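What follows are several structures.
You will see chain A twice below: alongside chain B first, and alongside chain C after that.
This part shows the complex of A and B:
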């Protein structure tokens, strides 16, 4: 496995970042460029299986994810960065399944051969999240030095969602003491945004579920779960909920509107990708990090705080 | 944190009498409520095996009923009837009729994996919930849930082109579940977007309708996956003894 500096890594955006999560894609690339990091998109990547294909059959999901890892390896990279929690989770899960489950190995080998590409073998590529990437390739000290437009005064609730930390066994590098990420109380986003000048509020629902898997198929449940997250963030004094997953982000925005329409519960907390907040702190314009694409319009707040 | 599970005694099994004397003892009224006894004879002795044969259900036999899954459960917090521990208990005992009382909510598991995170026995209750929902559908106890319709529509796009387009996923799902495309909250979202950056939005909408995102050279992968999916379907049906009936 790479213990490299993550300055140049393979990039796996995934389907959501080409669609509803476009703002996350744009802001991640902009931040990377600003920090002098190189992202090389995986050629001809495919969907990782998201949260749906596993319900048809988990081994197909393992194959879909492994195909992307296989291409990463072919391109000569030993690290791939996936900003989407779902993609990150699935690549990690494929890595785990292929090193622990013989049946998954067999199906992956069979499908890879029929599809005409190299069978991915575990241990060749390390999957990291955008949070790992920023934290390890740049780090808080460097961010502090580079901040041109401090987030000073913005109160942030950091929301990590489900797939970044659960289940624990597919993230062997987490919970390894100081410096590593915690699955119970993740803090990488807190660390990064604190370095950018934000004031993190003590938010108890960091890893609560937004109901993203059933955002559309069981909307009433999702709306209740999201409303709980939004009202708790407000009760904690947050102006902004920082997200690191396109499904969570879209879910929060969509059900914020739905809660108002269906349940008559209006919430004012704004929802921004952590890369949008970080980008603005580094001096990028709100347009450059695609703030205008968010449904929850944060621009009046940003103006008030002197960021726009 | 204590968990409050539902009582196993149902209202219809509770009996009180306004006037009743037994052996000279007045047992009228609420203070001497009787619980009707019941004997269970209709066990499905294959139930655990059947659930275990479906993807996700493999580890159900490991459960020792600690209740950590229900304690951690996201859906249980908003609906106490949603009780993974209890369902695993019923499945392991083969109490199919009891399980069927909750058949319409089991699919609502949101896959947050809090149960799997908490489980000390590696049962992976999230997988068991999916296997159980799948079992209910295959056996014909429930129609396809909205979640299954969504999963199938989504996966069909992945298998076909290698990638999905989320606008198409949304439109197909609303169509397949017979919901109007004009949802009030959806209109608010779309109008909000168009007001703010009309050109970008319209260009993107137009482009994604004409050029569906796809993975180049996906043909062979598509064929391999489709072949495997058919195999899995046949295996699952066989495990539940469905082929004998000649269904489908």
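This part shows the complex of A and C:
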């Protein structure tokens, strides 16, 4: 699909956005509405298998994502937008598996027939992230034109997490030169928030592991990894860490609290979804983009910066 | 030629803490030596991993850096090391940044950021040494590569 054709896309929120990432869901929808973009939720979607299913049976996980892609196609869409890095990664991985692994194709076909829906064939639906959606459907010039409350004065460290760019081979559209996203130094979030007036800091850990998958099973490692991300962002001069994944966001928030309780290390950097920052720049109230739902209370900072 | 002392993961965490809490005036005059020390600590992190896995570490380089060659070696058959590919490259970047302009106004800041990057590498690999699965749930997609190497016939 050509750039700029993402005005109306199928929407796959995924499980996290109905729970811990509710603020991301609310702010994504609010930003889309404000920008005149249409999101049509996939009917009767299922869990993508998150991080767990692929360690038990990767082909079942491929099927789970393929079913969502099949429904998207049946609804008449050729593009699905997934704001969660895990969902986005798994849809991309399914596309890759079904193009490269005969056993995955066979399992998907067998389970699709058993479930009574059309077998998804690779290449029918393009999966995009919320960053692709905003960047390509709207673009920086249009964002600049629409900004009502510039983020000017807010220093942002953009944190992309690990699954948005890895492994490289499931993202064939990335690393294609100017205009495309980079897997080594992703910049779409930087571009969008800069257009909204933010001052992005040069943040060396933008794709570093936060230990998200081990948040509960190995909390101490996760807390140390997150604390290092938070302190590095602060050392870079950031007021805010912008996120684009509910797992990263929750991990940063929860381990920020835990680092203070367990390690006695307090950090002050605030954590906001990029859609919350963009929404406020577009003139939406903090409540409309669900800032009050964040554990990391950015409201005093937003008030100080004239956004609340 | 005597081999330099290899630091353990714990020693690297302690040393990066020292660098991070040192006064700016103490860092800037020693910038080139600290740049090299940070890079060496990054190598030590990966050497600790390779030693734990019983592998002989490469003496080769990638793009002129042993750290990148060690990362490539550690990542072979262990795709969760993808999660520190950019961290290693950032360590090299900060080394170069400090080395290129050791008396610049941002030198102390670059040393601190370089220390944080190396610290992250130490925390990640240290975490993996304690819990081998760290990083294998999420970005590594180990099953994709295993499937490529060993075709399976799953039952569904």
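Keep this in mind: the second predicted complex is superposed on the first by the 304 of 308 C-alpha atoms of A that agree within 3 Å, B and C clash if a C-alpha of one lies under 4 Å from a C-alpha of the other, contacts with A are read in each partner's own complex, and residues count from 1 in each chain.
As a working rule, a residue touches a chain if its C-beta (ideal position, glycine included) is under 8 Å from a C-beta of that chain, and two chains touch if they have at least 3 such contacts.
Model, not experiment: these values are computed from the prediction.
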{"item": "Combined model on chain A where chain B meets chain C, clash or fit", "value": "clash"}
{"item": "Partner chain in contact with A:262 - chain B first, chain C second, else both or neither", "value": "first"}
{"item": "Which superposed partner A:238 touches (first chain B, second chain C, both, neither)", "value": "neither"}
{"item": "First (chain B), second (chain C), both or neither touched by A:225", "value": "both"}
{"item": "Partner chain in contact with A:96 - chain B first, chain C second, else both or neither", "value": "second"}
{"item": "Which of chain B and chain C A:166 touches, first, second, both or neither", "value": "both"}
{"item": "Partner chain(s) touched by A:204 [first = chain B, second = chain C, both, neither]", "value": "second"}
{"item": "Chain B versus chain C as contact partner of A:293, first or second or both or neither", "value": "first"}
{"item": "Touched partner set for A:125, first chain B, second chain C, both or neither", "value": "neither"}
{"item": "Touched partner set for A:134, first chain B, second chain C, both or neither", "value": "neither"}
{"item": "Stretch of chain C, among 26-34, 98-106 or 116-124, that runs into chain B once the two complexes are superposed", "value": "116-124"}
{"item": "Interface residues of chain A shared between complexes with chain B and chain C", "value": "51-52, 54-55, 57-60, 63, 107, 110-111, 162-163, 166-167, 208-209, 211-214, 217-218, 221, 224-225"}
{"item": "Contacting residues of chain B [partner chain A, same complex]", "value": "55-56, 74-75, 78, 108, 110-114, 116-117, 124, 127, 130, 134, 145-152, 154-155, 158, 162-167, 170, 173-174, 177, 184-185, 188-189, 192-193, 196-197, 200, 204, 208, 213, 215-218, 220-221, 223-225, 227-229, 232"}
{"item": "Chain A to chain C touching residues, read off their complex", "value": "51-52, 54-55, 57-60, 63, 86, 89, 93, 96-97, 100-104, 107, 110-111, 162-163, 166-167, 170, 184-185, 204-205, 207-209, 211-214, 217-218, 221, 224-225, 228-229, 231-232, 235-236"}
{"item": "Residues of chain A that touch chain B when the two form their complex", "value": "15-16, 18-20, 22, 44-47, 49-60, 63-64, 67, 107, 110-111, 114-116, 162-163, 165-168, 183, 208-209, 211-214, 216-218, 221-222, 224-225, 253-254, 257-258, 261-262, 292-293, 295, 297"}
{"item": "Chain A partner contacts - residues on chain C that touch it in the complex", "value": "20, 79, 82-84, 86-87, 89-90, 93-94, 109, 112-113, 116-117, 119-120, 123-124, 126-127, 130-131, 133-144, 147-148, 151-154, 156"}
